[in-house]
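Shown below is the structure under consideration.
Here the chain labels run A, B and C in written order, and each chain numbers its own residues starting at 1.
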Amino acid sequence: MNGLSARIDVSRGDFRLHVDIVAAAGRITAVLGPNGSGKTTLLHTLAGLQPVDAGRIEISGRVLDDPAESVFVPAEHRRTGLVFQDFLLFPHLSVQANVEFGPRSLGLPEPARRATEWLDRLDVADLAERRPSALSGGQAQRVALARALAADPDMLLLDEPMAALDASTRVEVRRELRRHLREFTGPTLLVTHDPLDALVLADDVVVLESGRVSQSGTTDDVGRRPATSYVATLMGANLLHAIAVDGLATCTDGTTVAIPDRALRGEVIVVIRPEAIVLHRTPPEGSARNVWPVRVVDVETHLDRSLVQVAGPPDLAVAVTAASTRDLGLAPGMQLWASAKALDLDAYPRSD
Amino acid sequence: MTGKRRTESTPWYLVVPGVVAIAFLGLPLLGLLLIAPWGDLLPELTSEEALQALRLSLITSLSATGLALVVGVPLAVLMSRTRWFAGPWVRALVTLPLVLPPVVGGVALLAAFGRNGIAGGPLYELAGVQLPFTTLAVVIAEAFVAMPFLVITVDGALRSADRRLEQAAATLGASRWTVFRRVTLPLIAPSIAAGAVLAWARALGEFGATLTFAGSFPGVTRTLPLAIYAALDVQRSQAIALSLVLVIVSAVILVSLRGQFLAGMRR
Amino acid sequence: MRCTKALALALVAPLLALAACSGSSGADESTLTVSAAASLTESFTELATQFEADHPGTTVRLNFGGSSSLAEQVVSGAPVDVFASASRTTMDTVVEAGAAADDAPTFTTNSMTIAVPSANRANLTSIADLAKPGVRVAECAPEVPCGAAARKTLQNAGVTVTPVTLDPDVKTVLGRVAAGEVDAGLVYVTDIRTANVAAIPIPADVAATNEYAITVVKASPQQDLARQFVDFVAGPTGQQVLATYGFGTP
């Protein structure tokens, strides 16, 4: 197939990573999992920094690792662009030299022109002469991406691309990253513990739990039908497709949502976390600008926490405590009011 | 600003022993400055023996530093990157010259490279080459005691360096040699410089191993410290003048080294 | 009173002070303190044992060191009864300072010889062989007494030698010979006995000779006993013992 197909079985002490992963070319696949689920090990085996104990890693028909066939292509011959969590730009080299590093090491023609081209495509050409220490987090991420792409990789791997960034710049950077990742035509694998990264950046999601894949599919599918409570909690965020004008987003079903970013215009995705929604028996009076009449469709309780599906418009997943479920007497068919503060929402442009 | 805060949080009763320590270290140097033949300094230092010793010391200590660099940096890399070389035995072996009395080092060098030594014996029998009492022997003795400073400094830098930068370079298609040359080496360059300067200072001050292994002959093996010792009884003022040179050169090295270290850390 | 003074000196020479204290405490028991050049260590230890056997109740305390520093102690009033120096010049400073009770006669001599490794692979047979090309010779630096003596000896023999090293003391020279790193070293006759080396004798008229001088210290409260010790060393028994260690008769 055209893309990555990996069957990985690798043990490190007590921990065992045992997964099958497929990532199609031209698509972004998010590997979503909590800390310790094996995400870093997965990246290391894919990048050739660590061999698998058993299994096979193949990209567009080229075998990279298969102990049964005694094949192991080391990192320097693998052509996988790995963008590290903290970017790991070479501190002693300028931005330009960082991006030239790959093409030069590989003996690609015209490394300088190549580097300039990628810096340009990622809108950081003006930073070419700077040292990495003089870059902001978002700039460093773009340079790291340019460095990886300039080496002409067969596959792009990103390790927690948002983790090293300031919370205040994350929304902006994530929006940019989504656009920039579209520059790459091969398979992109993005490892993260933040469902927002998966929801906003990825086409497909692979959920990793304790070294195993607990669910995989398109982002929408996984979000809609979580297979485990972890996925449900993780992916339960509500996504609304809407058109934004002056801080007001209008969904296709006519619902309007007040969003925090007034500057955003055009097609957007509004992300509402289940925790950000409050359910009321009577119409609420308060500062929340988004209030919708809804009907309870389903109540699912995991331990001390319930996930309530309500039908609107909009259709929403709402997280409430088990105690509230009892107090409100939540049951399918109940008519309620749902509210959410505009500041608790995230909105992203749909730029693809 | 930071100095002020530090004084406030430091117990006052440490000041007295601290000042005693400063006096303990500083008084001998002050004494040297006071008995220095300031008036005759220039003629003492430009005398034939003095210039000869200075020249010899400069040549041998720089050569010893070069030797330490050529074999010491690769050793440090192996120590920080391979399991076998990182073992306790290699580590102890590398550290040993630091703690051994230099005279013992000299005796050991004779046992290895002397005319009856395990390596020097065959060398003499087969090739007629004798190392002791040659300028090369001085370089070997100095490198023996000075190399640990370089190896330990560089090994420490390699250990604290971020290995993932090397991984990043590998994923970009860089061969091991390219990774070493273009990433590892530049990253530890400040530490290599610091280690080399430290090793040079140690080589410059080497006495015991040199006397035992290389002997003491003007122009051939009598380096600055040996010349000082030889002159101490009969030409005291020359000995003190030469000592002064050694103290000043070493002090300048150490002061400049501090800046170097800090620069390396700020990177 | 005397003890107090000794205690004051104890800061400089603690062993001497202890010796003096115990010496003045017993009436029948007496302790004689002898400061002697380091090269006399073996011979004087043997002589002291014999002297104690001949004089029951007498203890001889020996204090060995470099002649010049011992002389300095004697002149500055250390409680020493007898002083033996390895050099006439050094003894002269004691005599000139008025610290000697007599004219400090020469009681023995030590002369230069050639030490070679036991194997003597360079096949050296005489002092003239030292000038052969390829022969590696160690000498003391001319600034120290053994170096001056070596230089004088070679001059007397009319031999021109370029040594490979000019060492700070005779022990270093001996060590190099014993280790076989040099083919020959110029040392004192008495050094040969103690080291694992062979000697090639130098004719008496060529070898530079050091005169060893001995004196009763003027400040000693035991002039008689001290005189007896000096006479014993200069007498037939003393000379015989010294000869077995390689020393010469004056």
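Here, a residue touches a chain if its C-beta (ideal position, glycine included) is under 8 Å from a C-beta of that chain, and two chains touch if they have at least 3 such contacts.
Predicted model only: the values in this text are computed from it and were never measured.
Once CA atoms are averaged chain by chain and compared with the all-protein CA average, the nearest chain turns out to be B.
Among the remaining chains, the Cα-based centre furthest from that of subunit A is the centre of C.
Taking each chain's centre as the mean of its C-alpha atoms, subunit A lies 90 Å from subunit C. Here the CA centre of subunit B is 39 Å from the CA centre of subunit C.
Centres computed as Cα averages put subunit A at a distance of 53 Å from subunit B. Taken together, the subunit B residues at the contact with subunit A in this complex read 162, 164-165, 167-176, 178, 182-183, 186-187, 189, 267. Of all residues in subunit A, those touching subunit B in their complex are 47-49, 74-82, 84, 88, 90-93, 101-102, 105-106, 147-148, 151.
For subunit C in complex with subunit B, the residues that touch the partner chain are 136, 138, 141, 143-144, 163-168, 172, 176, 179-182.
By the touch rule above, subunit B contacts subunit C in their complex via residues 110, 114-116, 130, 132-133, 211-212, 215-218, 220-222, 229-231, 233-235.
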